[in-house]
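What follows is a pair of complexes built around chain A, which joins chain B in one and chain C in the other.
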Partner chain A sequence: MLGRTIFIDPGRCIGCQACVSACRECDSHRGKSMIHLDYPDEGRTVASLPTVCMHCEDPVAPCAEVCPAEAILITADGVVQEADPTRCIGCANCVNACPFGVPKIDLEAKLQMKCNLCYDRTSYGLAPMCATVCPTGALFYGTVEELQAERPGVDVSTMFAFGDTVVSTGVAMVVSGERRAPVPGGTLNLIEVNGRPTPGNGARA
Partner chain B sequence: MSHEYVPLDPSVAPLGTRDFRDAGGLPAAAWRADQTEQTLVPTHCCFCGVQCGMYLRVDGHGKVFGVEPRNHDINRMRLCPKGINAYQQVNHPDRLTAPLMRRSRDEEFREVSWEEALDFTVAEIHRIQAEHGRDAFGMLGGASLFSEKTYLVGKFARVALKTRHVDYNGRLCMVSAAGANKLAFGIDRAGNPFSDMLQTDCLLIAGANVGECFPVLTQYVWGARDRGATLIVVDPRETAVARTADIHVALKSGTDSAFFNAVLHVIVEEGLTDEAFLAEHATGWAEVKATVKEYPPARAAEICGVPEEQIVQVARMFGRAERAMACHARGIEHHTQGVENCLTVINLCAATGNLGRPGAGYGTLTGQGNGQGGREHGQKSDLLPGGRSINDPVHRRQISAIWGIEESELPQAGTSMMEMVWQMQRHEIRGLIGVCNNPFVSLPNYAVVKDGYDKLEFHAQLDFFLSETAANAHVVFPVTTWAEDEGVMANAEARVIKHNKAQEPPAGVRTDTWVMCELARRLGEGGKFAFEGSKDVFDELRRASAGTVIDYYGITYDRLEATGGIVWPCPSLEHPGTPRLFEDGRTYHPDGKVHLQVVEWRPPADPYSDEFPMRLTTGRTVAHFLSGNQTRRLGGLVEQTPRPWVEIHPSHGFRNGEPVRVVTRRGSEVLPALVTEAIRPDHVFVPYHWPYPTAANALTIDALDPRSKIPEYKVCAVRIERAEAIDPVPAPPVPPGREPYPEAQVSRTDPLPPTSPQGRGTAERG
Partner chain C sequence: MAGTAPPPQGRPTGGGPTGDGAAGVVASATRSTAARASLIAAAAGVLLVVAIVLGSRLLRDFDSALVPYAVATVFLTFGVVHRYVVWVSAPAARRLFTQGWKAALSWENLKRSPAALPKMIATYLGFQKFLGARSHARWAAHQLIFWGCLLAAAITFPLTWGWFTFTSAGAAGPGYEMRLWGFKLFGFDSGSFLGWALYHGLDLAAVMVIGGAGYFLWRRMRDRAATTGQRFGYDFLPLLALITISVTGLLLTFSEMFLHGGGYEFLAVLHMASVVLTLVYLPFGKFFHIVQRPAAVGMQLFKYTARRQGPDAEELRSCRRCGQPIDTVAAVDNLRATMRDLRLGFDEWAEYCPRCKRVLRGTAYLSNVKRGFK
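Let's turn to the complex of A and B:
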């Protein structure tokens, strides 16, 4: 059940990076942006894609699961917080575990950095800075009903398929009304890991 | 145990609370509890013609330190990256805080007192005007100034300097649209508010990279499409908005009028015209109809380099829409037939009856923050306040009476900005005061501009950063940023909004208003410039505009503060303003009709040859603004887009990042290639925000539209060659003994092009 959360609609994104600049303004990490902004079709089109933390619900926060220092905490509202700096050892396990490539490591500080859905702002009743300023609504903060009131005919998905693994998330992706299937993830189709076939590619049941 | 008293500064976290968690990831000692001390000052962005509302965050010490989104009617909390970073200019280490002066360009600048700088300036004005006549001293204003200051530029030039030579940088921006609007409608502004886009059935955007130049307008474009509107984009490049349009017409730059004539040809052929509207509300239709008959799609397809079917598709989509809207920007205006290009779009709207209704209309998207207001109140060479003509004896008498001078004392019309540079080359203009402009980056054909300015015997410039142009001057006056003074601007909708003062200027800095009034006083005209501040000027401006088409009389600071802005004409204090024009079917011509104008396509000024076979077009990128004097100093924006590039199609065989020499008849420079299929193979694109030797405007042609005098920035003949090494981007100028703020300049030396025209992706940063 989605409450107030971020909805991402890459089809609307103009790649202006207002979200990147806005994230940098946050009082909890001024000068550092947690947003990823990619131009995935480089050389062909100017298409662009913002990525914020998806706040994985099932499996719950792979980044937190692999953290050897138990530094990544999840609040009762499902928000996966950035690594607690008093615990984080900067090992980058979370970077490798995240299916969406979200966490970054500040090499100088040896600390992880990650979007926490602007916890400092949402707890004041403010929307996250990125989704507040986004000129196009490619990043939208609110409820799914508010989104659909503004954009008739759209639907959202919180299911992402990486090979056979489906991850469900607390942040949603806008999809067309006809499509409710999981959004295909961007990973390679792994057929073999350490010399052993993966499920669906000849692995024994 | 000895007691150690801790000084309690409420904005600094006390010792003992300085653990890392409380500091939220910043080093605890550097953390300041600003959030509890701040004041939010409602104002607007200093940059483009959208004029988004924003709050400036002011700390307990009265200093601007951040920005907070503001739910203003124009932007609904949205901001682009320029707007978010804008506040960083206010307390920027590169700010000018003392007048700079030198007696000749061989000397270095030295910091002097205001007294000395003003004395020298006034002495030079007297000397030049005594030796060579009053018109030998000129003045150039800018359209990022508040309207009050633009009014003062015009009044100062004519009343204090008593010169005819005054113009402004809006001459490089929206004068073509202004010319077309005046010819067709008798009023110079967009016909419809932005929000009308949400009610349209078909939106046509011609020559406007909305996603990069007016990012916050995209919400209206996407909102229109959410409600079922179709979208047509006319642009040689596949921009972010063109990418998803229903039809993207990637025509050759410099062929717009042929295209729009052909679209109108099809609309006539297919019976999609609104003959009732034309009969009742337009003149000249028979002539226009006869002209477009000569532009069948096959002919235009040949000229424009687009498929014939596309012209038919556009005509049907636009012509069949119940309500259609057309917007354009510099893409069709920056041409030697810029006025005519705009007229062909007006013809299209009028012929289909799309004027003066919700969701049906027409408008130009002004580029500069006060692009609209800056052209209304008399800093243009041929205009007086209220859009009055300086050639009209009645208008001259009216303004002379308000200014308290004899009509015979009021100078005649001057020349346009580029023409003034040519006059500097010929020593016809020997002295100049520039306010709020940076022609060394923004005017075309840099070699000519540099030569013209170098020939000036005296040049003073007002700015808050040392621009490339100011760095070449004799005197530089340090003035306020937009956040240190109050005043109004009119956005692209002609909505007048008020900017509020958020902090006191740094010591040593004065307002432009103060500088102009003080110079006027020293020139013996102080009585006519007894203004305490913007509000006094605005009250005179209101009176000076009363009764004209551009009527501000009913707009007051109090009303602006109580509303989200008021759209002129607003003739009385009770008048609600006029967001949409022509609702009663009448234009502002005496006959109330739309005056349709015949347009024949003409090729661009710079001829193609075997030596220069391709087309160079120039424009903006989202992270930078105009001449870049502001944005090239803001770290986040430099990091997003550190340097210019040349955008070329893969068919030319260059690899991404390879050095490419771009050669025109006026200059050549080496830029890294951004290889992309999103541009026509016969075009290259260079963004223009950087100075020589990486200036797009060292390549562009100083050919002007005969009517609007706008330079042809958007097309010239070019060739590309392989090269060895790219030209480095110079650091922004600073006064002697200082260096540009190093933290903001870290990325400037990156030799690579950005990932995409919008900037470097976050993964591509060092």
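Let's turn to the complex of A and C:
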């Protein structure tokens, strides 16, 4: 059962970057934004995708599992913290192992940084910075009941498929009501985007 | 489970050990690691005791007033070695440990770049350049603590083991001799600057440590990045321990110089208790980073030498989608092997850069979940 968490609805994202700016204000990584805003079909559609740490639950935090320095800790409430600066050796294992492409690394400072669900705020019951400023509700913070009260008929998923592997997460994504399969984490051999074939798969030159 | 999203069909292949059988295997593996660690740690402890006995010339030079310190170092050795063995037995650390030592002990690497390892040790472990990239003030404060503690350890450990002795050179004069394992190192005049510096080395170390630890303590109370998620046992206790040791140590000198030894015995017990507790605590909390940090050198050397493997070798692995370099080929292969050890079934994704992973997920969502993001 999901507690209070972030619900991501890329369908509502207008790519305004407000979350990116607000993330910079977070006290634990002031001046550096941990949120990623990507344009998956750039040049053809205005579709944009905000990415925060998904706080993987099963397998629990692959980033922490591949960390050779025991630097990534998980709090009792399931929040995967950014690397402990005392321990992080800057090897980038977490950056490359995360299937969602979340952690960032400062190679000079030998330090990984990632979204910690604004732990300074959420541990006191406040919403994370990104969800606080999102003007369209693409990033919603609350319980699934609160989300569904605001958006009747909406459903969410915490299951993501990477090939044959399913990763279940603490942060959820909005899906259409009839969806039963895990959300695809990506198709490595991409043959079509938004109904159009990709180059090399029948796309018109 | 969220909303009405269904459970996955069967166990996810990357779900890690979950069934009773798997849990049993993990539990027995943990038990055997713990047993091995205890054995190696006990051997290390015994080795230190033997070294103390031999180094103090069969306890002839051993100062029995310092017994609690010596006993604490034996416990320290046991604790550090035990935790170290447990740490390097985990899949990710084990692979890096092997690769790092392979790179460090390789004759080929030494011939090709003899300066690489000493230079990395100096920059990462000695001068900690990476800390400067995090914050100049933190770098300066950490350097004070680091060199202060190193100086203090270099003086006190051999003293408590009875390895260092100071003997009078003659019956009448101010001459002293410093000896290691009974062998004379050098002689000096106790009234000279060298004599003064030798007898006040620990005071100097204490001043350095108080400066550095004081800054960090201030930061723990005022800096909002530091206060987020800080814990008393992990973040405050080490600083308080260092400050207690340094202040009680300085007070010993103060008592000797200005109070004619007043309160010396009480202060000595207080100082000893703070040192012993800190040494015994070292393997458990924040201080263990002292033991872990050299892994940064191993990691860096492994990546550095992997980049220089022959002229035709592919140096860097590029993202399979956008072609941006991800990491050295050896590092990515090492990570993929680690992920397979951990049964994380998506190791193929490690060959895509973080941005492409997000874009791939976004396009899949766009195509399969909410077509056109509607």
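Keep this in mind: the second predicted complex is superposed on the first by the 187 of 205 C-alpha atoms of A that agree within 3 Å, B and C clash if a C-alpha of one lies under 4 Å from a C-alpha of the other, contacts with A are read in each partner's own complex, and residues count from 1 in each chain.
Everything that follows uses one rule, which is that a contact is a pair of C-beta atoms (placed from the backbone, for glycine too) under 8 Å apart; a residue touches a chain by one contact, two chains touch by 3 or more.
Computed from a prediction, not measured in an experiment: that's the story for all the values here.
In the superposition on chain A, the chain among chain B and chain C reaching more residues of chain A is C. Using the contact criterion defined above for the overlaid structures, shared-chain residue A:81 touches chain C, although it does not reach chain B.
In the superposition on chain A, contact is made by A:21 with chain B only, not with chain C. Touch criterion met: A:151 reaches chain B, while chain C stays clear of it.
By the touch criterion stated above, A:111 is placed in contact with chain B and with chain C alike. With both structures placed on the common chain, the touch criterion links A:134 to chain B but leaves chain C unconnected.
When the shared chain is aligned, chain C comes close enough to touch A:163, but chain B does not.
In the superposed pair of complexes, A:47 makes contact with chain B and with chain C alike. Residue contacts after overlaying the shared chain place A:38 against chain B and chain C alike. When the two complexes are superposed on chain A, the residues of chain A that touch both chain B and chain C are 11, 13, 27-30, 36, 38, 45, 47, 85-86, 111, 120.
Against chain C, the residues of chain A that register as touching in their complex are 1-2, 10-11, 13, 27-30, 36, 38, 40-41, 45, 47, 49, 51, 58-60, 62, 65-70, 81, 85-87, 89-93, 95-104, 106, 108-111, 116, 119-120, 123, 144, 148, 155-160, 162-168, 172-176, 179-180, 182-188, 190, 192-195.
On the side of chain A, the complex with chain B involves touching residues 11-18, 20-22, 24-25, 27-30, 33, 35-39, 42-48, 82, 84-86, 111, 113, 120, 129, 132-137, 150-152.
Residues of chain B that touch chain A in their complex: 19-21, 24-26, 34-35, 66-67, 69, 77-81, 83-85, 211-212, 215-219, 222-223, 226-227, 238-241, 243-244, 622-623, 636-637, 640, 650, 656, 675-678, 755-759, 761-763.
Of all residues in chain C, those touching chain A in their complex are 1-6, 8, 12-16, 18, 87, 90-93, 95-97, 124, 130-131, 133-134, 224-225, 227-229, 286, 289, 292-293, 295-296, 299, 320, 326-327, 331-332, 335, 338-339, 342-350, 352-374.
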